[in-house]
Each structure stands twice: as C-alpha cells, then as structure tokens.
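Step one of this worksheet: look at the structure below.
Chain IDs A, B, C and D follow the sequence of writing; residue 1 opens each chain.
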Amino acid sequence: MFVFEANPMPAQFTFPFSPKGKSAIVPSPPWSYAGDALVVEFWARPDAVKALLPEGLKLDEDAGHAQALFVDWQFTASGDEFLDPARYQYREFYILIDAIYRDKKVAFCPYIFVDNDSAMARGWAQGFPKRLASVFQTRTFAAPSKASPRLAAGNRFAGSMSSNGQRLAEGRVLIEKPLENPSSLASRPTINLRHFPQLATGKHQTPAVHELVQAQFSNYSLKDAWVGRGDLVLPECRGEELSDLAPLKCGLGFRASMGLTVDGLIILPT
Amino acid sequence: MFVFEANPMPAQFTFPFSPKGKSAIVPSPPWSYAGDALVVEFWARPDAVKALLPEGLKLDEDAGHAQALFVDWQFTASGDEFLDPARYQYREFYILIDAIYRDKKVAFCPYIFVDNDSAMARGWAQGFPKRLASVFQTRTFAAPSKASPRLAAGNRFAGSMSSNGQRLAEGRVLIEKPLENPSSLASRPTINLRHFPQLATGKHQTPAVHELVQAQFSNYSLKDAWVGRGDLVLPECRGEELSDLAPLKCGLGFRASMGLTVDGLIILPT
Amino acid sequence: MFVFEANPMPAQFTFPFSPKGKSAIVPSPPWSYAGDALVVEFWARPDAVKALLPEGLKLDEDAGHAQALFVDWQFTASGDEFLDPARYQYREFYILIDAIYRDKKVAFCPYIFVDNDSAMARGWAQGFPKRLASVFQTRTFAAPSKASPRLAAGNRFAGSMSSNGQRLAEGRVLIEKPLENPSSLASRPTINLRHFPQLATGKHQTPAVHELVQAQFSNYSLKDAWVGRGDLVLPECRGEELSDLAPLKCGLGFRASMGLTVDGLIILPT
Amino acid sequence: MFVFEANPMPAQFTFPFSPKGKSAIVPSPPWSYAGDALVVEFWARPDAVKALLPEGLKLDEDAGHAQALFVDWQFTASGDEFLDPARYQYREFYILIDAIYRDKKVAFCPYIFVDNDSAMARGWAQGFPKRLASVFQTRTFAAPSKASPRLAAGNRFAGSMSSNGQRLAEGRVLIEKPLENPSSLASRPTINLRHFPQLATGKHQTPAVHELVQAQFSNYSLKDAWVGRGDLVLPECRGEELSDLAPLKCGLGFRASMGLTVDGLIILPT
C-alpha cells in the first residue's frame, strides 16, 4: 500500500488531487456550518429501529423514538466557501434514532440525504450514509409577507425530501412557543457507522473501513428556537426502505437556527 | 376563436386545466412573495442598454445605469403554497435597466432567470422574459457561525447565476451600514414587455400578444436593508448576449428582505 | 397595443429579445426533432377523460382510450442546436386522449411535462400545457451489454416521470415483434388548446389567447418500431390530478425512434 | 475496529444498510454498463500532466498525451436496475492521462464527473475521484431527422460538462470513417488512486485508504465505432484546476457504443 506521507500532494484532505487543491470535492477540515432546521420527533416500530442498528449499538429503552430533520445549510472551511453558494450551500434531510452505546444514550443516523456532492463527501468521511435528494423547507423572512410565516405562535413550516424522483418524506411543524431549554433539541451525541467498501476481487464482504465513530464539534450555537407540534409522513416507495420507519406517533416539532464546527471525530472501541 | 367564458373550467387562471384546478402550473392571482435580495448597481455601455429597449421606451439620461438582483423567493397564493416549497419556492436573477416611458422614469427588465416552472409561468404572464437557470446567494442565519455573515458592517454576500451550464453572472455585496432611505432601492416602476408568440403558419412575425405593461403591487415591505458596495461580473458565454451589459463601473450594493403582492397589471398605451 | 412590425427587433420569434437573437429561449421555427419513444396504450375512466376536454371537443366512442408517451428528444432549428445538448436536448412525458372534433377523430393533450425550458416555451407556443419534470426511460445501445435491452422479442423498457419531487407516472413496455403497420402509432392529428392568460386587473378570467389549434408537421419518420404489451401507473399525489386518469386497463406497448419537423399550426374554428 | 463479518447485515456492499438492502446507494457487484461515448485525444502541457500523477506512476514518453471522454451510461447489477433509469442511468465526463506504472503503459484518471450519486459511490469504490456535474452529448437516433446526426462521414457530435454552474469542458467530434482497429480506443489499462480520507482528530493527513488499483473488467464490447477529428476546450474557471490540462493540440476524435462489466479490482504493489 502507498504511504501517504511520501505523496507529493500531502496537504489535501481528499480527491481529486490537484496541485493547488482547488479541485478537491471537500476542503480540509475544520468545517463550519450555519443552518435553519425543522425537526419532528416521532416513534417508529421498535423492531424497525432495531433492524437498523449496527453491531455495538442497542435499542434504547424508549424503543422506537427518533427524530427527522430538514436543514438548509451554509458551509465554510478556511477559504470563504460561504461566498461560493453554488458549490457549497446545500439542503439535508436525516433521521436520528435513539440508541445505547455501552450504557450511554446516543443517537444513530441510519438515513441521510443531501443535494450537494461536497456535502455528500464530507458526510461519508464522517460516517453519514448520504445519498442525493432534493430537500426543501418553508423559510421565514425578515420582511412581513403573506408568503412568509413569522416566528410566532400558530405558524406553520413544512419540509419535503425526494430522491430519484420519489417523495420519501414530508414533515410539518406548528410552532407554539420559544424553546426555553434548547438542550432538549440535541441532547445526545451522534454516533455514525463510518464505512468504505472493498472492491478488491474476492473481498467484497470485507470492507476497508467499518467502524463506529463520534463526531467532535465546537462552536455550537442555537438561536430563534421554537417548539410546538410535529408531523411526519414516510411514504412507501419502490426500491426504498425508509418507510419501515413510518411513524406510529408523532410528538414535538421544532424550528431553530443553529451553527457548529466539525473538528474531527473519535473512533469508538467495541 | 373560443370564448373562454363558455368554457366549463372558468375559474382557472392558466393550464393545465384540470377539474379542481390543482394541476395548474400557477394558482390564480393575487400572488404574494417574500424574499431576500442582493442588489448591485452598475453602469453598462449606453448603446448596449439602448439596444434592449422595446418600442415605447427611451434611454434614461443616466445612460447605461442598471441594477442586477439575486433573490431567494418564497411564494404563496390562497392555497398555503408556502407549505409546498418543493413546488413553489424559487430563486431568481434579473436585470433592471433605467428607461423613460412618456417622460416618466421607469425600469425595464430585459433578462430574468429562475429555477422553477411556476415562477416562469407567472413571469410570462407579467411580461418577464424568464428562462431557467440555477441561482444562488449567500444567506445569513440567526445563529452565529463562521459560515454565516451577520448583518453587520464589513460582511460580504455573493450571488451567482448559471443557465444551461454556463456561469452568466456573479455578484458581490459588501455591506457597510443600514439603509436609511429604503425607497432608494426600488424607486422606479417596473415596465415589462408582455409577449406571446404566434405560431400560426405564415404569421410567425405577428405575435399574439406584444404590449408594454406595468405591474400592480400592494403590501410592499422592506426590512433589514443594508447598503454598501457592489460588484458584478457578466462573463461572455457561447450563445448568450447578457455579457453585452458587462459593467463599465459598479456602484452601490444592497442586501435586504422584502415582501409584496402582485395583484394584476395595467396595459400601457404607446 | 404595440405593433410588432414596427419593433426594432422584428426577426425574433420570442423573448428575451436581444440584438442578435441568441439569448432567446426558443430559436425561430421551423423546429426539427429526433426521439426515442416508449408508448403505452390505456383506458381511463370516461368521465375523467371527458372532464379534461375543452369546449369544441367531444368524447370519442372508444370512451376513455388514451396513450402515455415517454420521449427522449433531440432538437434543432437552423443554428445547429443539436450541437448544444445542454441547452436543447430534453425528455418529455405526455398523455394523449382520444376525442372528436367536428366528427373527426383527433387526439388531445391535457398533460405534458418536460425537463427543459426551451422545450417548455416551444410547447406553450404550440398549445402544449407543459410543466417541468424529470423524465427518464430505459435506452438501448448498439454494443451488447447486460445493461442494455436489445430490440428483440421479450425485452423490457421502463419510463418514469416526477414533478416537484413526486413520482407522477411509471410505464413499462415488453416488446414482442416489429411493428408492421407503423401508422397505428400516430394515426390521429393532435389538437391542442393554445392559451395565454390575461393578468390585466379585472380581466383575469378573459385569457389573451384561448383557441384550439392543430400542429403542422413535415418530415415525419419512424424507425425500429416494436410493439408488445404496455403497463402504466399514475399514482395519487398531493396537489395533482393526473391520477384521475389512472388506467382501468392497459393495452399495447410500443418502442420506436421517430423524427419530425414542426412548421407551424392552424387555428381551428369552433 | 468492528469486524464486518459479525455484522447482522453481511450481504450488503455499502451503505445505507437496511434490512433488505434496497436503500443502498449501490447494489453489490458485479456491475454492468452500456454506453455511448465521445472521445477526444489531446496533448496537455507535460508538467501539468506530471503534477497530477500520484506516487508510483511516471510520465509517459508521449508526455502530455491524454483523452477526454463524454459517456451516456446505462447501469445494471443483478436487480434489473436498467428498468429504474431515474436512479441508475447517468452521464459522465472524464480525463485519462498516459502514464507508466513499473514499465507498463497505463492510463490514469485525475478528474471525473457524473450526474448521479450511485455512479459517484461506485466510482469512489473503484478509485475514480468523482464529483457531480451535468454532462451532455449529442445523440444519434435511428429515425432520420435534421435533429439527429447519422453515423456517416462528415457528421458532428458535441459534448459539454458543467459543475456547480461553471462550464468546465466542451468537446466536439467530426466522424470520418468506421474505426477499423477498435483496440486503439482503449488500449491501456486504467489505474486509479483509491482513497478514503481519515477524519479522526489529529490524523487528517493519514488517509484510511490510499492505494493504486487496477479495475478488472469482463464482457467488453464495442460497436458502431467511428473515428475522425476531435476538439476539446477546458476553460479557466474559478476554484477549479481542470483547465491546467487545456489542450496544446487535439488529435483524433471517436464516437462509439460500448459495454462492459466491472467485476472487481486488484490492489497494485508500489
């Protein structure tokens, strides 16, 4: 195997490898994000949640409890990437399911979809199993308009996600009051299954990388967080299994702005 | 010619005509909008501006003066369309050039691009000559993040527009201070050339509709308006003439949120 | 109203109007096309078909009979547009329903979707009520491969259409034998309802253009036409009425290549 | 590290891992392909080519010699994926540069772009450094039409590729005669740099996977191959380095259909 340290292009995090590093699909970390999120709490069938947990994770006692998130993201690394929104701005939908790792309450991400390749590549590096989709959510704007729900009790926001032309998820949030304890929104660490397959002949069942990891964040911020009621639909679609998580019941709904920096990750022992 | 009033589907503004009107590309007006806008003031070659003016409009005395606008829009009619962002949310880029109509200072829109078909159809009904493109702009988010420029002096926002895979426009705004006199942003009425071609054999040069119109707005609102310096690039591209307006000089830059309702229009006499 | 003949830009069929005409969304006719088509014959509920017929058309005696077509198109006018596939190549899905116009058997197009704005604009000029969608069909390639169905008995082709993230149509064709009488594929003239709305205040219900038209074609060619069995699904979707035409029964399926030129149209008397 | 063999989802090649494997971004290999390709031979600056070669590869004696390929692909694995073109059909642009591996003439792929996420994921598994783009090429259709160039001397085909709204490549081929010795089209084995980054804190410069690999193909077929003259443009674009390979000279051009199966790969010693 090649020793990377001896490579003449050492400073670049990932491919394509070009002399100045500008063509790379992802700039080197740390990676900073700002976003608007719609979040719907729900309960899926416990056996459907259990079937998605990798080795090392167990079903939470609140079996089947999960969250669906629609996020409009803006990204930057150290190169003012926020000024190139055509390449780096993106939208995301993902599911977090409650799980237990070594007696610790964690969240695990079995499904995630984005509309941008740089986001997909960063996701894979972090263990997020990203696929492409179109993702949309209702926005609020500073100027008053019938077209823009204000952040005020009784207003509604909706999100949707479609992949390969099929509508896989629709969510709605009715906001009722400002969220007093913001920590309730993201109280569990997210554990991912980082995986890179092996295509070497005869070894397709022995992946090159297959490990539980925990992201390392900094600069977490939350603003304009509102809570109310949420609703989620995960329709049955050809060639897809996301609908196995179709809600038995929905719970709280949230709408918030947030910021964070991804610095790296920790590989977890089993 | 068919008399529309006798048609069994009378209440629908445009096609496709379906029994309940749900399939229509555009719901019936009035149409309400909320948006975030980046605006760059610039001066193009006066002869290039003049070449775009239809009969009935004359070159303004500030010959060549124009604006480029990038807008993230949210739309609604009377059916809560803001809750279906996959179908109705969109992004737009357009140029307004200063002109004179019967001694009145007006703005004329020679080029406009959107990323949504419902917006295109509404545009055509209003006389906006819309084509499809991908349009992006830097956003600001409520939560602090390195990835999000705050509305504060010295911060930068960028926009870009690409059609059929060619980058036709790039803009930047450096905001310096809140805008004290917001009326400076949209002081002229917008005059459009409403056009619908004639494909009847032998009559291709006699359009079915070809008239100057002025939009009728209500509920205009402006919020969080900042002013600073703007910059715009309109690169030469194969099969395109937008670059004829390439700035000789750029001027002010703006970043603002706005809302408005389009109620109808007036057909202007020549 | 403006007299178009006096306009300084007389030779251009439609907007945007630029000095050399290059920016126009559509080049001037005639328009030539080459395409690969999947066609599924089906019968919808007669009342659902009847509800889509405009004034001037009556239900055919084979009440409910219709066709669904998926087409991969390549377009050219007189400017070698086939060498700019990013701007002019496109994919289309449409429905043709049997109808009677003044005792003549015709086909009427109530729904049509494309993935390209130039195709949309040409469609509107012809009376096709086009909206945007993503459209795909299985292709056959000259080189043998497990990934490519050959034109041979027993092989299968599939098509799908999704608009605004919802899967609105799925079709399949199993080919059985070469089509001996190609005229069976397109035996009826297509009648469209050409419509352009009126946004002038107080006149929204009196469209500027609303007329039945018949396209004028030349250079029609058909090649490699196969016939077999077809299957079509039109799923129920939020905010859509296409599913009212969901097949009661499906019939023949076709797969063919075709070429044609659109020269103009005739406005039909009522 | 987790042992994959003990995982309850052993039969799935890559993520997302769902009980039946249907949600996976890529079905398990082998992977079969059929495609139409436009190929342009060219010579870039030798130092620009050399700067892209990873450790283990040397510059070929025909320094700077390269090929640009535009391909319309159809994909299938064992699940009739060719019948789900919305998910699995795709278009690709890539560059192959001549290189030497241990005295063997090989081709190396420094840049490759596709318009589909499943293709991107398969590419990464194979060591192709894929990013997203829109890719188009002129097609030929069986039925005669002015819109369709036939496979006959003097006809022209064009391709283009745009990523994040910038036009990165344009190619043209004028075909002159059938290709008599098809092996001239793909005479060298393709060597890729398979890479998967390491995000573990403090180890960003030590990738998890970084190795030269050679694909293992079977069922290679070529049909309707024509040769003539090629032309290629790689414009300078913001944030991109592909233009460093801008042709000093262009050579032959090809247009062909091809099929192949990817069975696996061999990891190459250094």
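Just so we're on the same page, a residue touches a chain if its C-beta (ideal position, glycine included) is under 8 Å from a C-beta of that chain, and two chains touch if they have at least 3 such contacts.
Only a predicted model underlies this, so the values are computations on that prediction, with no experimental measurement involved.
S.K.: Quick check on the contact graph: shortest path length from subunit A to subunit C, in steps?
M.R.: 1
S.K.: Going by the stated contact rule, which chains contact subunit A and subunit B alike?
M.R.: Of all the chains present, those in contact with both subunit A and subunit B are C, D.
S.K.: Since subunit B and subunit D are copies that touch, just let me know if over half of their interface numbering is common to both, same, or not, different.
M.R.: Result for this pair: same.
S.K.: Using mean C-alpha positions as chain centres, tell me how far subunit B is from subunit C in Å, no decimals.
M.R.: That gives a centre separation of 29 Å.
S.K.: On a C-alpha centroid basis, what's the spacing between subunit B and subunit D, in Å?
M.R.: Centre separation, subunit B to subunit D: 39 Å.
S.K.: Can you check how far apart subunit C and subunit D are, centre to centre, with Cα atoms defining each centre and the answer in Å?
M.R.: The separation of the two C-alpha centroids amounts to 34 Å.
S.K.: Taking each residue of subunit D in turn, which ones touch at least two of the other chains?
M.R.: 84, 86, 134, 136, 160, 162, 165, 238 - these are the residues of subunit D that touch more than one other chain.
S.K.: Are the chains arranged, by touching, as a line, ring, star, complete graph, or other?
M.R.: Complete.
S.K.: Okay, in this complex, where on subunit D does subunit A touch?
M.R.: So the residues of subunit D touching subunit A come out as 1-11, 13-20, 22-23, 25-26, 28-29, 51-52, 54-56, 84, 86-87, 110-112, 116-117, 120, 124-126, 129, 131-132, 164-165, 193-197, 199-202, 204-213, 216, 238-242, 244, 263-267, 270.
S.K.: What does subunit C use to touch subunit A in their complex?
M.R.: Of all residues in subunit C, those touching subunit A are 134, 136, 160-162, 165-167, 237-238.
S.K.: Name, in rising order, each residue of subunit B that touches subunit A in their complex.
M.R.: The touching residues are 32-36, 72, 74-76, 80-86, 89, 134, 136-139, 141-149, 156-160, 162, 172, 219, 221-224, 256-261.
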